[in-house]
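Each structure below is given as structure tokens.
Each of the two complexes below includes subunit A, the first together with subunit B, the second together with subunit C.
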Partner chain A sequence: MALEYIFRRIILLCFMLLLLSIFTFSLSFLFPGDPLNNLSGVQNISFHESDALSEKYKLGHSILTQYFSFIERISHGDWGISFASQEPIFDHIVALFPATLELALYALLASIIFGIPAGITSAAYYKKWPDKIINTLTLLGYSTPVFWLALLMIMFFCLQLGLLPMSGRVSLLYEIPDVTGFILIDILLSDVSYKFNAFIDAIKHLLLPTIVLSTYPTMVLIRFTRDSMLEVLEKNYIKTARAKGLSRSQLIFRHALRNALLPVIKQIGLQFSTLITLAMITEVIFSWPGIGRWLIDSIYQRDFPAIQGGLLAVSTFIILATVTADLMHSLFDPISRNQTHGKI
Partner chain B sequence: MNKFIFGIAILMLTGCTEQALKNQNSHGLIYCAEANPVSFNPQITTLGSTIDLTSNQLYNRLISIDANTGEFLPELAKSWEISKDRKKITFDLREDVQFHQTDYFTPTRNFNADDVVFTFSRLFDAYNPYHFVGGGQYPYFQSIGLDQLIKSIIKESDYRVSFELFDAQSSFLSNIATDFAIILSAEYAKNLEISETLENLDNYPVGTGPYKFKDYKRDILIRYYKHEQYWKHPVELEQLVYDITPNSTTRIAKMLTHECDVTPHPNSSQLSILASRTDITVQKETNLNIGFWAFNTQKAPFDDSRVRRALAHAIDIEKIMHAVYLDNGKRLESILPNTSWAYQAQVNMPNYNPELARRLLQQAGLIEGFKMDLWAMPVARIYNPNARKMAELIQSDLKKIGITVNIVEYEWNTFIKKLEEHAHDTVLLGWSADTPDPDNFFSPLLSCAAALNGKNAANWCDPEFDLLLSKALDTIEIEQRKEFYFQAQQMVIQELPLLPIAQGMRFQASSTNVENIEIKSFGGVSLAKARKR
Partner chain C sequence: MAKFNINTDISSEELNKSPLRQLWRHFKENHVALVGLWFFIGLTILATLAPVIAPYGVNQQHTDALLLPPSWDDAGDVRFILGTDDLGRDVLSRLINGTTYTFGLAILTALITTLLGVVLGVFAGMSKGVRSSILNHLLDVTLSIPSLLLAIIIIAILGPGLLNTVWAIILALLPQYIHSVRNLVVQELSKDYIIAQWLDGANSWHILSRGIFPNIYEHIVVIFTMSLSTAILDISALGFLKLGAQPPTAEWGAILSENLAFIYLAPWTVALPGILLFFSVLATNLVGDGLRSALKKRKAI
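This part shows the complex of A and B:
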């Protein structure tokens, strides 16, 4: 049963990736300009280069051949070169993606750490003052646009109080070699005299972007946890347990929590796509050198190969993350495996 | 609850790291740069934003110009002599100059005549293996016609080199003293030839300047270390880091949070914020520059000088001076700034007169109006602190005479690249002088050679005008040269391939603990002597 479920998911995944690749492939024809430029990223193609490139990209051949050659190149890591930097796009993505991932992971972690307990508290004290306070804050957090919150934070903590830096991952005077692309890990791995200071400095740089980025998912998680907790608390087995005279903490931690968290786990996975979208905005505002800022810069520079590559990388990642979360969820919740149709 | 915990965390963090960061800070300087460098070799660009990052930091030139007196000063050349017919110039070179030792190159010999010969032959000699590396375009040298001027460069001995010219040209020495005429290492070039990575000459620079290249991450940073064996004076900073921050508001914010120590070109509107802070000083320097509005004279309807004049009459420059320069600029009365010795105020300068503009358009048969693109630079430059705003003002002025303006913006390096392809209708641009010689405002901007290599934003080529310029260069009699430049100025204002708008002031903001940053009235910034207290 479980195998069949996993198989269905993987088929679905392949289908999604197929659609995505077709869309990305067609972008080089939909973008303004010559498809050859858009595909290769070479801008001023000389006469003799033109033939070689046409052959490489199979431009004379049928659209299907072109598509397969596109797939072949993508899978070999040949994503063309960027108009702006004239360097391979794949290298850019490999260099920038960890920064985005790092930020998104910390934000997700923060929202789990704060969101779930807050949601449980809120449900446990349903319609009492802790619930009311948390509800009000959630509503506030929900309705605050992330860019506005980011600017407010910068205004207050950076410009007014001068406590925190407003841009980048670590003070540029600290020279940290790139190993994993995750700044905190890189600092720990590095062999520099100012390791401790650099680590603290990196945390200071991380603080504001993480708070800003985690706001929205935290609010979502609070609401989800609260609602699902309330739903579970209404169930008959809980009522029975209560009738038997269990205390509130026993009730919640022993009986209700596990069941209430199941939909929340699924939600955590689904939050990843929102998170990456919000991360782009956060990156631009905090000059965080991640893929989002690069993608937005590329759009501004009409760097078509870069836009294409960036979209492909980000979307593939989100699809993979969603499917993984879904599979994880089915591991925890056997009932969900009984769905006859796959969905994302 | 989470806010509370973060609050405490912030307090703890700031307490214990302030001192540590200060230590690291005092050895390094962060300069907030406006754009990525297009190359690390100033020979192949005329972009001020790139020159500021490279020329005075990584390299030296044979000679330089004293910003105050206009005299030539020795740099890598100890002394020089000019033959009687002024067609041969011989330089005696310093013997104690070392090139950078970097991760990718270790010099085995000091700087000598071979380096000079190699550097200049790259520019002019099509047989030099490096000539076509990076496109084979040397915009500054080509637009002033230096490639047509130098007959040969001869190594007389290891430390003596002479230039033979076809003509005696009065601006030759000042061109050799510009930020573009830096000296590369011939030995490094040889090594790259062996490893067949010729393009690294421009991407991984080796020079003799006060700092040496360490690292460059596009859109993020450039890192230089100090050159321990710098020949001129000890270098105080251990590290020089450029934080690449295209957005000018972000640059100012970074100044306020001390993430940057120096930033060039703060907007006039931001000056009051900076002035109110005690920890930031603003340097202000008059600068030889012009901001202009260039028309693509090869494209209809801008090929008609009546249309150009009509557009010039239609815009209210007083309003621009007020709103864009915030009264920190000087209105131009010619294509030369009035501090140049060849300056002459032009009577023909178009004034604000929409009525006349409409009449001119009628003569040109365009009374119905038309649509046009106006390209506005995305970065603040000395000559135009806010091109976007200027474009909007022009847009609203032109609307009154029935012309619909579409404002076009690109990222700065893309902007320049597309401009060189002459893809524009009209563009707001400008020029900062590299030498005090008046030719610097004509040949690189409006000559036919400049039109060919794309630096002539007006795409204007008039042989008569070119003749005037070369006549002016053929003599060293100041009075005669003046006469020719007067004529050239008249011609420009008569034909209006571009409309000179204003001369801006150069501003630079730095933290008060930073000293000795040199900004001159021409050329790029020098951080050679910069230090932190």
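This part shows the complex of A and C:
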């Protein structure tokens, strides 16, 4: 049963990746300019180079052959070269993606830590003052544009109080060798004498972007947890438990919580899409050297191969995260496996 | 004695009113949502009448008054209530005109998205078998691409500009919209009264227009407010990233990014567009939330 479900999800995953690759492939023809430039990333192609490149990218052949050669190149890590830097795009992505991932993961963690308890509190005190306060805050948080929030934070914490740095990942004073790409792990792995200071400095740099980035997902999680909890609290088994005389905390922690949190697992996976979107803006404002800022820069520079590569990497990651969360959800919640049988 | 049961209590009297009236009554009870609605209406008026209301032209420069603080400041001038920017343009006039771009265009975007989304969503909801499966998988893929990233890709194809932004945001919002409408339709289709209509020999169009639409259009309004708030945020975010409205267009996000260099010298030029953005999204969300809870309350009766 579970195996069959996993199998079906994996087929779905393959289908999604196939569609994504077709979309990415078609972009080199949709973008302005010559497809050969867009595919290879070489800008000034001389006459005799042109023939060799055309052969490599199978431009003379049918569209199907071109697509298969595209897939072959992608799977070998040959993602073309960037217009701007004339370096392989794949290397850029490998170097930049961990920074975005790190930021997104901490933000997700923060939103889980704050969002879920807040949602539970809100549902437990439904229509009482804690619920009202949390609801108001959620509404305010929902309505704040992320770039404005970031600017307010910078204005207050960096310019007014001078407490926190406003850009970058770590102060230039500290030289940290790049191992995993995750700055905190890199600092812990390195054997430099200023390890502790560098660590504190990196945390200071991380603080503001994480707060800004986690605001929106936190609000989503609060709402979702609250709604899910309220729905479960309406169920008959909760009413029975209440009739037996259980206290509110017993009801919530022993009986309602497990069932209420099941859909939340799925929701957490869906947050990655939002997180990456918001990370792009956050990275631009805080000069965070991640893939989002690189993508935006690529648009300013009309660096089409880079946009294409970035899209492929980011979307693949999001699809993988979504499917993983879906699988986790179904592993914990056997009922959900039956529902999806035969229909989506 | 049932036959002497004269309707004296409010709840049964309430049931005799039309559904829309009941909805309005529940909505009215929520004062915060009502304030949101007034604010929303005010912004809409501002967006349509902006050039008439604004005291100065959008790009009219006053070389004698550069970077003037708002009038309540000691150094302020009462001619420019909200101060001026680095080129001596009146901030108030620019913000009022910005309503047309950010808020007005967002409404337009959301309306077009609604039109397309409802048509495609109903189509997706009514279709069955392989076609529906393929449609849903396509939706899943587009849903997995972040909406702003999708908008950015579309802008990369079309080139930056305000109108291209609108197209990009429509296309980026559409999958979510289709998904929601489809779910509504599928939910409604499985209900008994629709099955009864099928059995009576009604055709698809009949079921759609008489059965499903009257029951889902209020929910569509709720989805509309949600996509409107996303549209406002996306238009301004793209303007802020210099991918949407180009200066000197008075779009709020563009004004914000234009004045970013003066954040120390003239914080009001950065703070004010942000506050307006915040309030317009807040008003939209308040209306949407109020509507949603009013719908829930009406259902509970």
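FYI, the second predicted complex is superposed on the first by the 339 of 344 C-alpha atoms of A that agree within 3 Å, B and C clash if a C-alpha of one lies under 4 Å from a C-alpha of the other, contacts with A are read in each partner's own complex, and residues count from 1 in each chain.
Following the convention adopted for this analysis, contacts are C-beta pairs under 8 Å (C-beta built on N, C-alpha and C of every residue); 3 or more make two chains touch, one makes a residue touch a chain.
For clarity, every value in this text was computed on a predicted model and none was experimentally measured.
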item	value
Contacts of A:E175 with subunit B and subunit C, given as first, second, both or neither	first
Touching partner for A:C158 - first (subunit B), second (subunit C), both, neither	first
Which of subunit B and subunit C A:N259 touches, first, second, both or neither	neither
Partner chain(s) touched by A:I281 [first = subunit B, second = subunit C, both, neither]	second
Contacts of A:L30 with subunit B and subunit C, given as first, second, both or neither	second
Which superposed partner A:I318 touches (first subunit B, second subunit C, both, neither)	second
Which superposed partner A:L295 touches (first subunit B, second subunit C, both, neither)	second
Partner chain(s) touched by A:W148 [first = subunit B, second = subunit C, both, neither]	second
Subunit B versus subunit C as contact partner of A:I307, first or second or both or neither	second
Contacts on subunit A seen with subunit B and repeated with subunit C across the two complexes	154, 159, 300, 302
Residues of subunit C defined as touching subunit A within the complex	133, 136-138, 140-141, 143-149, 152-153, 155-157, 159-160, 229, 233, 236-237, 240-243, 253, 256, 260, 263-264, 267, 270-271, 274, 277-279, 281-282, 284-286, 289
Parts of subunit B lying in touch with subunit A, wherever the complex brings them together	1-2, 6, 9-10, 13-14, 16-17, 20-21, 24-25, 27-28, 30, 214-215, 217-221, 223, 239, 241, 243, 245, 250, 253-254, 256-259, 410-411, 413-414
Residues of subunit A touching subunit B in the complex	83-85, 87, 110, 114, 118, 154, 157-159, 162-168, 171-175, 194, 196-197, 200-201, 203-204, 207, 211, 218, 287, 289, 293-294, 297, 300-303
Residues of subunit A that touch subunit C when the two form their complex	12, 15-16, 19-20, 23, 27, 30-32, 139-140, 142-148, 151-152, 154-155, 159, 273-274, 276-278, 280-281, 284, 295-296, 299-300, 302, 304, 307, 311, 314-315, 318-319, 322, 344
